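Each of the two complexes below includes chain A, the first together with chain B, the second together with chain C.
On to the complex of A and B.
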């Protein structure tokens, strides 16, 4: 029926699949296989005196683990280096997630379940912290995008700010014509720092005081007193709109913060892990 | 009555100024008539500091007026100085309203009743046109004005702004900005919405109306102007309002009307048609010459050269070779046979059918926009599934067309014919491979050149149209058909333009006509249980309507145009006779019908069990069509169930292209978490290409629409793009490499550098602003960076056929 074909040889064939399902869970399968091999080797290898990092199996697992950690950390470079060629960051993320999870098995078997208050266990603990924050990241990546999309209703962040500013301008000119009693709560709402920054405030989406809400209550009361003064009715509608837009903006900022905040643990902990890993390796060879 | 001069030049833009300069240099008595109060009004009205480009760079400048690329001010100063130095005789505020008399004694009527007299006239008035006038009774009263210089000038007046374009809205907002001025401002809009204006302006206007600073009257037009009163035609009848001043901003009229009123013939009634000109730029009215943008040459360099040439011609110089001679000589150098430029041009005109009515001047112009090739025997002119919208004309030799999958089945096309017209008309990929059958000399007309030819030479237009219908039918219905077989159907075929959303076939009606989609695309819908269910998307090159013809039933589904399209209507009985003669074709049509039946049955079957998924599919498909996918060839979509908002796509885009992003991820429409960001859709018939003076917008080998370096920064493409995906910007300074940023924090890091950093590191000379848009990462190994750089797989690029296919539904259910 159609004579048209799509034929762009230069272009990478990228299917519509998320990073977790990438190429039908290819990296899940590979990481799973790696874990399986490690577990079977651990169970079958008869190492003396007991399984630990110092046996041949321990060295093998340690080398694999180190290689993985360094490679996983390089995602930060890959993501920012917009070089040419047939790479896909989605494939990298997919591999990063599943190989990163595989580290739990590899590194734990590497320890031979020997833990203590030393630099070796510090490296292990840091690695688990990085992985745990990463798991949080997977969860928010999987759940929040749809909610952010629904909340913003086709508005961009700057449009949200602009929309609030537009209501503010209308409020300001509407309030000027009013009696001081009613103009004051409106002015208070306008001067309040309604979208104050601060990490906890962002994450909890709580609002300082809510001067807009106070103003709505005040104008509502006034409207009842002056029984439907059209200027007051209009003012209340504007305030309601402002309140709705502020709520949307706060939800937006909260979710944007959640989707990023784990990186503030994940990335510094990675650097700490790399440092601890260097100390771990040097000390192991130094005291050999 | 002034003294008669030898040459009167109308318009002091580059073309007119150059002509006047030549006349002054040669000592010819002349007068330069300028409508406004300054030279080169079009360029004078450019924004301050705008970079004026000098393309095409290959063209030699031949003029007494100096010109090189530079700032608007520099260019204008140089021209002003030269005009003074040469002693050009300029009359400002001389608006020519009509030309009477004949060669040797023309009388030019000026606004205000004055006249000028000349032996010959050079029209170089440009294409800016005049403001549309208020046509209702009283429209000539002094309270009507067509420009607003300073909105702060007026106080305590009742002012009505007529016109809902950006100019009108900006004027209205300016007048109402300061309540202290006490103006009562009303804006009239003939239609019910402000579709032609920028959304930001409309938002500000609505806000101002809500705040009571001005009044918007929709579906209202002026009926009569009286002293301090205006009668309005509203939806509910006439109404009179107080009015002290009217600002009419209703667009400008192209100057064709004026030119035609001077008795000058145009090549056709087509909107794009140009005046018929001789090699000396002389029109059909002896003694009147047309040059510059009015003659179809919008670039400054062309205009300057033509001004020089036309005065030389008038002065009796017959040996002057056009300035483009060296360009053409170079272009023809690779051809066999050692012919001169003129010999080649004559040969092309004689051998090629569609060029038979092309004038020598047009021929040269056409060649400048075209390539000439010599092909060795067996060499391919183009390959099936290549992108390409150029038209090939065979000047010497013939070609073979490999129509189907089987290379043995071929059709020969002889000398003088054209090939490649399907790509030109449909904007889609090449449908066949064409190879040289012996040595071939062919002219490859770019899409713009071919369209211009069709518009300006009606005979060529008709010839191309007929050939394209014939070939499209042959190609679509496959091998086994000859030109003779379909001759009857082609004779009866009728090309129809359909508006977006217009119904071509309505479900349930009787009719057996077949429709071939020639350009644009269609959607097929069926009403199931009172709801319109989306069945199929049909790109150009498909046909519909065969089911009713074959089975004699009423139409089983509705076919609507997704975008403005062209269809070829073939009468059902003619097609039925063709089917009777050709059993193979009947078998093919029956097979197509069976496939469509299966699709319909599949969706209807689904509908009973999975109502919601079919609804979702229908609505999503409708959303995508509404957002321009119907005319897209490749579009970026973002799955917002996966998008984490990291903007790595934008950063990758910027870092792959001189540091400027060509996409805005967050902006754009969303339906069911499927987001269409502000990014180029690479339309089949790109709107941006429509009006590019240097023809800088082309289609690349993978179908990408690309703006090349010859862009002059005029902004036409930005205004013409309905999807707002083109931005005008200058290339920012180079950033330090990534590792020095990662390790030492040098530079702004990945992505588009912030404004402050750009400003701080800018070069001493401002880089000119040029048009910037997605080029699908043309020439970058690996393909579009936005998709490669998406960490979660949210960003995908799709062609509409894949996105809108039933396969999507099957996958989801």
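On to the complex of A and C.
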């Protein structure tokens, strides 16, 4: 293959293939083959007294599973060290995803479907938690970036904050002309910070009320003669702009939180899994 | 000039810009509205918030005008009085006003905008989750170390440091499953079996309780029978031995624990047939036939039979050789069971039913497994009376089991031509008068009559085989076998739904030499191998055989099947 061709193919590779489709699902095929071999072996092996982690097949599947888990965890090291080609980070990530999914089959067959309240099932449960959070991560990576882009309307994060600040400055000066009845809700609205919310509010899909919305509501309840006041009209327009900007920021934060939050499960659960795996293996041989 | 307002602002470069503005008049109004003398643009303030007045006595009076108060030296007030010499600090919303006296006697009001309470927004962290959740790295360390501590650190430390009577703490989470019923009391005493760390459970641990369990056969022959195994087996053992696993032939090879509460399931048939399926190959000198599955490959039964009358010895012979039994008795089952035979006629005439049944003579043992030996006095004498004389109302009868006494009794017996009494009873039942009927030949002379009694057709010889022992009359000792299958387990109790004759062809047997045991095919009409087809009974090796060889029911047999 000439240099030009290689460069072209690599170009195509980079342009059109994500880690899921990498090299026409090469790792999906390999992981599927691994699962198939494990399932066939499980079905055909005549192990006594019944399938479990303690039979020859159980030990074999356990060894494969342990190797996979350690290798999968090494993505955390690998991703800090980029390279190209067959062992590119993309190839590695592709293998990470599909081999991680194959682990469901390998580890479940390793258990022989024997579960209990013990360190062995703890390791299994943690592994499933890691895989489930990883699947969540794949789903949000596949779906959310487009939605985030749409929501932002080409604003950067700092522009969003600046937009709010600009509205706030105008609000502050506009409210100076009005008495306390109007100034108070506006002052409260100015203190409403979209970013100062906890994890649950961030992940929640519902748009919460807040001081800005309350201020709008208060102005909407003004009497007929009051609502003719041009200062009040301007105030409401500004508050509506603030509210719209807040809603955009909240949507942005929610999607950003979704795209980040799975790693807060995936990574700590991986380390808990590695510890439980060590405890599982050592305890099995300690009381052999 | 009464008041001087000094504003202090900080430039973009951090430099302080101080501006002074002198105010005439005795009063300064404070508020958000631009027409106040002291204009403080904060939405938290009223448009006209307060007044600061220099009174006649030189004190400064501060009065709230609107509904809100103000801060004075840290306290919330509506009125305050301040001596200019002493000074004080007022707080209006986000503004601090320090009250003091300037060098020229004017009241100095120093206005400083307090930095906004809100933190400046950092966009990089503001939108991100970092800070909203515990850090990934910290959580990883915490969870990982907690798991290692609780599930590894605690049990191993306890295991290494414990004083022997105490159990290891914290190892409950290590159990891969509950123990079987028999070992239930060992739950939470892992170290009872797992004695040394990183050493597979040894036979000695099992034998410390199971003291009476013995080997299946001589270990050397066991090893020979086991052979080298398949390539896979050899590979497995090679790996297993690398890890210090005992065996082959260790207790744990067949008996697996932690497989769930309840009875420990009997080892699968494969554990037996690995050797016995091709035993002849491993042990050419064995007398046992290959047995792979009861339904497909199993040698014909070899019951222990008395082949030589009188010796009492039982010899194991295959039923395929159609052996003849020499029990020392002459007996026809057909004659006694025939519904149109003499025995049946007798019971009918006496109103005792339609005939004799097996249970008339054969009584089960208390456990129902086997049958008691036939007892002549109970089972035969009801019909086959030994009475030979009647003196008044008393019958004289021969003593069963004592030939010399019989000879002595007969030698002094009165000649009798008539039956002593008429009327027979079923075995074991006696008439009100206690009547007997003896069907022996008429005594004629002491020795001669004994010889007649012992002759074929005589009162003794009818059932017994006469013999001469040391020149004296005798009969061949009778051998009654209570257990034919000496190495296999069979219980009649489990076969109650069958009739006797469905297995034992007693109703067609005219001689006691017939071996009335059912053969392999007879059993196979119901029992098939471990994986029996529908309609057959699954019958693995452990249903009849016990690896550790005891006279009792096999350990592996379910309790309900032992009965």
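As a convention for this text, the second predicted complex is superposed on the first by the 241 of 288 C-alpha atoms of A that agree within 3 Å, B and C clash if a C-alpha of one lies under 4 Å from a C-alpha of the other, contacts with A are read in each partner's own complex, and residues count from 1 in each chain.
Operating definition for what follows: contacts are C-beta pairs under 8 Å (C-beta built on N, C-alpha and C of every residue); 3 or more make two chains touch, one makes a residue touch a chain.
All values reported here derive from a predicted model rather than from experimental measurement.
In the superposition on chain A, contact of A:90 is made with chain B only, not with chain C. Of the two partner chains placed around the shared chain by superposition, neither chain B nor chain C is touched by A:168. Within the superposed three-chain model, A:256 lies in touch with chain B and with chain C [touch as defined at top]. Touch counts on chain A: comparing chain C and chain B, the chain ahead is C. When the shared chain is aligned, chain B comes close enough to touch A:145, but chain C does not. Once chain A of one complex is fitted onto chain A of the other, the partner contacts of A:226 are absent, as it touches neither chain B nor chain C.
Using the contact criterion defined above for the overlaid structures, shared-chain residue A:154 touches chain B, although it does not reach chain C. On chain A, the patch touched by chain B and the patch touched by chain C overlap at residues 157, 173, 256. Those residues of chain A whose C-beta lies close enough to touch chain B in the complex are 1-8, 10-12, 14, 16-19, 22, 77, 79-82, 84-90, 92-93, 141, 144-146, 148-150, 153-154, 156-157, 166, 169-170, 173-174, 256, 259. Of all residues in chain A, only 46, 48-50, 52-54, 56, 114, 116-120, 122, 157-158, 160-161, 172-173, 175-176, 179-180, 183-184, 186-187, 190-191, 193, 195, 198-199, 202, 249, 252-253, 256-257, 260-261, 263-264, 267-272, 274-276, 278-279, 282-288 touch chain C in the complex they form.
Those residues of chain B lying in contact with chain A across their complex are 203, 207, 210-211, 385, 428-429, 431, 475-476, 538-539, 541-542, 592, 595-596, 639-645, 648, 651-652, 655-656, 664, 666-670, 673, 675, 702-703, 738, 742, 749-750, 780-785, 787-794, 796-799, 801-802. On the chain C side of its complex with chain A, the touching residues are 32-34, 41, 43-44, 46-47, 66-68, 118, 121, 123-124, 126-129, 132-134, 136, 139-148, 151-152, 155-156, 159, 171-178, 190, 194, 197-201, 236, 239, 243, 245, 256, 259, 265, 267-268, 270-271.
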